[in-house]
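The structure's right below; bear with me while I get my questions together.
Chain lettering (A, B, C and D) follows the sequence in which the chains are written, and residue indices restart at 1 in each chain.
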Amino acid sequence: MWLRTSCELSFEIAVPTPFILMLRPRSGAQQWVAKEEYKITPHVPVFEYTDSYSNLCQRMVAPPGIFSVHTSAEVKTVDLMDQVPGAPFVEVQYLPDFVLSYLLPSRYCESDRFGDMACEITAGLTPGYDQVQAIEDWLRTNISYIPGSSNYPMSAVEVNLKQSGVCRDLAHLGIALCRSLSIPARMVVGYLYDLKPMDLHAWFEAYVGGRWYTFDAVHTGVKGGYVSVGYGRDATDVAISNQFGPSVFPLSQVVNVEMIDSPE
Amino acid sequence: MWLRTSCELSFEIAVPTPFILMLRPRSGAQQWVAKEEYKITPHVPVFEYTDSYSNLCQRMVAPPGIFSVHTSAEVKTVDLMDQVPGAPFVEVQYLPDFVLSYLLPSRYCESDRFGDMACEITAGLTPGYDQVQAIEDWLRTNISYIPGSSNYPMSAVEVNLKQSGVCRDLAHLGIALCRSLSIPARMVVGYLYDLKPMDLHAWFEAYVGGRWYTFDAVHTGVKGGYVSVGYGRDATDVAISNQFGPSVFPLSQVVNVEMIDSPE
Amino acid sequence: MWLRTSCELSFEIAVPTPFILMLRPRSGAQQWVAKEEYKITPHVPVFEYTDSYSNLCQRMVAPPGIFSVHTSAEVKTVDLMDQVPGAPFVEVQYLPDFVLSYLLPSRYCESDRFGDMACEITAGLTPGYDQVQAIEDWLRTNISYIPGSSNYPMSAVEVNLKQSGVCRDLAHLGIALCRSLSIPARMVVGYLYDLKPMDLHAWFEAYVGGRWYTFDAVHTGVKGGYVSVGYGRDATDVAISNQFGPSVFPLSQVVNVEMIDSPE
Amino acid sequence: MWLRTSCELSFEIAVPTPFILMLRPRSGAQQWVAKEEYKITPHVPVFEYTDSYSNLCQRMVAPPGIFSVHTSAEVKTVDLMDQVPGAPFVEVQYLPDFVLSYLLPSRYCESDRFGDMACEITAGLTPGYDQVQAIEDWLRTNISYIPGSSNYPMSAVEVNLKQSGVCRDLAHLGIALCRSLSIPARMVVGYLYDLKPMDLHAWFEAYVGGRWYTFDAVHTGVKGGYVSVGYGRDATDVAISNQFGPSVFPLSQVVNVEMIDSPE
């Protein structure tokens, strides 16, 4: 499946404000970025670096006035994410070094608090993929997905109390439940084709059977059409825009995803 | 100052249990490890790796029975940590890439909740070192340091409610306050000479004036005699021992720090 | 200055052949990639990773038949590279860790053989930028730049014997001379506006005065219009295309660089 | 097997001289460092960092006069290195990213020159371990191992011309031959029990069958008793001591390896 994704942000800036943006999708195992545009208006010097999760991040100082960012990409992504029921739990001693940090609790995923609950949800299941599948199903059934219901990220504990949240919040609870079972889990932010209402999306991946698999408590149809932009422990690591100083809020954020013909 | 540090841990293990230990101090700008011992009884295969904070971590599977770990080191450390009142705040756009992650909230340092409080504590001060000094002073005055008062890490929000904690908890609040001012801050775990009662210690570092400086709301005397073992965002990253599976608690943990003659 | 760069490669493949391409320019301190296209025909799965020099590399297996790669980009680059005569030599103990590997000899830069020659060329000069400038001048005067004169990279020793070479070869000698003076130096491959005849280009950077500066023994006019694609120790690290197995040569390689209006 | 290794270096220094030492063995899959000592006389500030090959490196400035370094360690190492005839060649597209750089030519391993020779030596063999074994055997038979015969590293091309060399030189030729077959190969420097005459030792590892295996054209007996200190592309990356400035040679270098009882 070929998708054209775009994200336009615009801010009203009062004083020069340092920004860190994370808006460049990278090519990888599951997607190929064939075309990409990234415009900043007014154009200011930008320094790009790779963070410890391998995300490409852009640093700049936004000048006073209207500051807008326009990114778009043409990406080949898989029609259907791999789903492998029965993929086994990887015992901690056999996990590769680089996934170990995804076992630890993080700002919005207090996995140290969910041991009992995760055991209940996954009782009787084969450790591994099936447990994560049960967690995804449980979230879909028990936590209401209400787009636009929270402006700030809610932590897993808060989501569990409120029993509702946006995609990011559901992912937080899913991640915390996985980690409490010693299954590495991470958050992904990006685009999803046919998401309604259209917006940026967040989901999670769990490491079972020797690789990462995609889970999404929001999605109910065919599991395909994902374009990943950033990876991290939770929402803190994958903010598409971090600004420092006096509060700055987007004037607007317009996201679009459409299917296109192969550019080949 | 030359110190001999030691830490002996012993566990009773029911089923084979994966461990990740972080008990090798590294030599660096402020300390030199001249001698080191690391014994594991019974001896099992150990794989060592470097985590994303540059800590040396040791992975192994503890077999059923008594499992004990003995580490000791002879370390040259500075008599007096650098203190540079007036060292300036570094604007976010000038921070090196590798400290940016220390600006974000983390599991036990919900810096997104402390903006107003940090501004109050540091009102009128020159941005930078002096702000962090004021935060350290405020913690020393307002939060009771009660060794042994908490078995589990408390987050900054919890410490602030309870107004007391162990060294680790005070550090969490200090770190959260710094980050809410856009000052990078990180937790350090290690040893402190003459700590009473003797135990492992935790403190924090803030990045101002172009480098990391040491702060410690617990310490009231001369700021020296520190041996760092691990660095991270908060207590989750610097656990000296992480075990996975059925709960395993130390039977004993014995820490010792003594001054020695220079081995030269 | 805004440039549109493009590189089209085409190969005739007899048996499935693993490729590693390095054809994605990254945004950084001196350039901003506003638009980028990357087409592979036929389209095959591609895995992208970041090598130890921070280059983005693309791995794939080319199937038998004609295999072609088309990349293009719109890049804002500086009109005039910084030139700072007098920028001082950085003593080795003050160099940042990450530039140290650029002091060592490498496949095509046998810096261990050029100590005396480098001292002669730079006799009497202030250590640092001025030494590198003298090396660049010496190369321009003494080594003939003959585009197309070598199919394989020549090492610094070989270039010095032959007294001629392509841009890559001159850079090798420049790098070896710098390193023999304990000045970190690295090779850059990319595009240069108005290069005649148009082709991919290679030049070098030296680390003096606390940062990297651009040097190019080929260029004789205004030092601007550079678009960097890859960095490394020498030609081995910055091959835009590495293929493994039976020899595969490009059927064609077409490079273009043109000035464009700002896309803003 | 438990070994006590030690290395004492002493230098006569005329002017303050920056050093980079690589003398701390790390614990890993095949060895456990239970005890370690590292003394520098006179003691000067030391900064330790991890290079891109994961080696621990120590930076310092040696003052004028006698400068000596004494390191020793007690290490558990395997009695017999794994040997797995038949372990298969890993096709380049399946190699993990982090071994790819070990396919490239380097300063002393001009693998681009040895394709035909490597094919001859390994004619008819199953690709993988057996090829490397044949290369090791060929080196043992055809290149004379003459301890002390070269003060400077010889490159693979030079060793092949001279048909003799020290351990380091033989390793260079072995590595170059492996890489020319698209088998990743790297140099290791460290200690070997019962080496005669006793000295630091160098050997190589090849990546086949999904992991690194040890090869050593010098060793003729049981393949065990190795303690690794540093890894890299070739001798440039694993110098145990790099000094910068006017030539400084060791006054003495004393190496010792003895078997000890288990310290458990």
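We adopt the following convention: contacts are C-beta pairs under 8 Å (C-beta built on N, C-alpha and C of every residue); 3 or more make two chains touch, one makes a residue touch a chain.
Which protein is which chain? UniProt says A, B, C, D = Transglutaminase family protein.
Keep in mind that what you see is a predicted model, and the values were worked out from it rather than measured.
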Problem set entry | Third chains touching both chain C and chain B | A, D
Seminar exercise, completed: Rounded to the nearest 5 degrees, the rotation mapping the CA atoms of chain C onto those of chain D is 180
For this session: Note whether the interface between chain A and chain C is symmetric in residue numbering, meaning over half of all numbers used appear on both sides, and answer same or different.
Result: same
Exercise. If you average the Cα atoms per chain, which one ends up farthest from chain C?
Worked result: B
Seminar exercise, completed: Taking each chain's mean CA coordinate, chain A and chain B are separated, in whole Å, by 30
Problem set entry | CA centroid of chain A to CA centroid of chain D, Å | 43
Exercise. In whole angstrom, what separates the CA-based centres of chain A and chain C?
Worked result: 36
Exercise. Can you list the chain A residues in contact with two or more other chains?
Worked result: none
Seminar exercise, completed: Touching pairs of chains in this structure are A-B, A-C, B-D, C-D
Problem set entry | Touch list for chain D against partner chain B, complex | 26-29, 32-39, 41-43, 45-48, 50, 54, 56, 58, 76, 262-264
For this session: Please give the residue numbers of chain B that touch chain A in the complex, ascending.
Result: 18, 20, 49, 51-52, 57, 59-61, 91-93, 97, 100-101, 103-107, 109-110, 112, 152, 182, 236-237, 242, 244-245
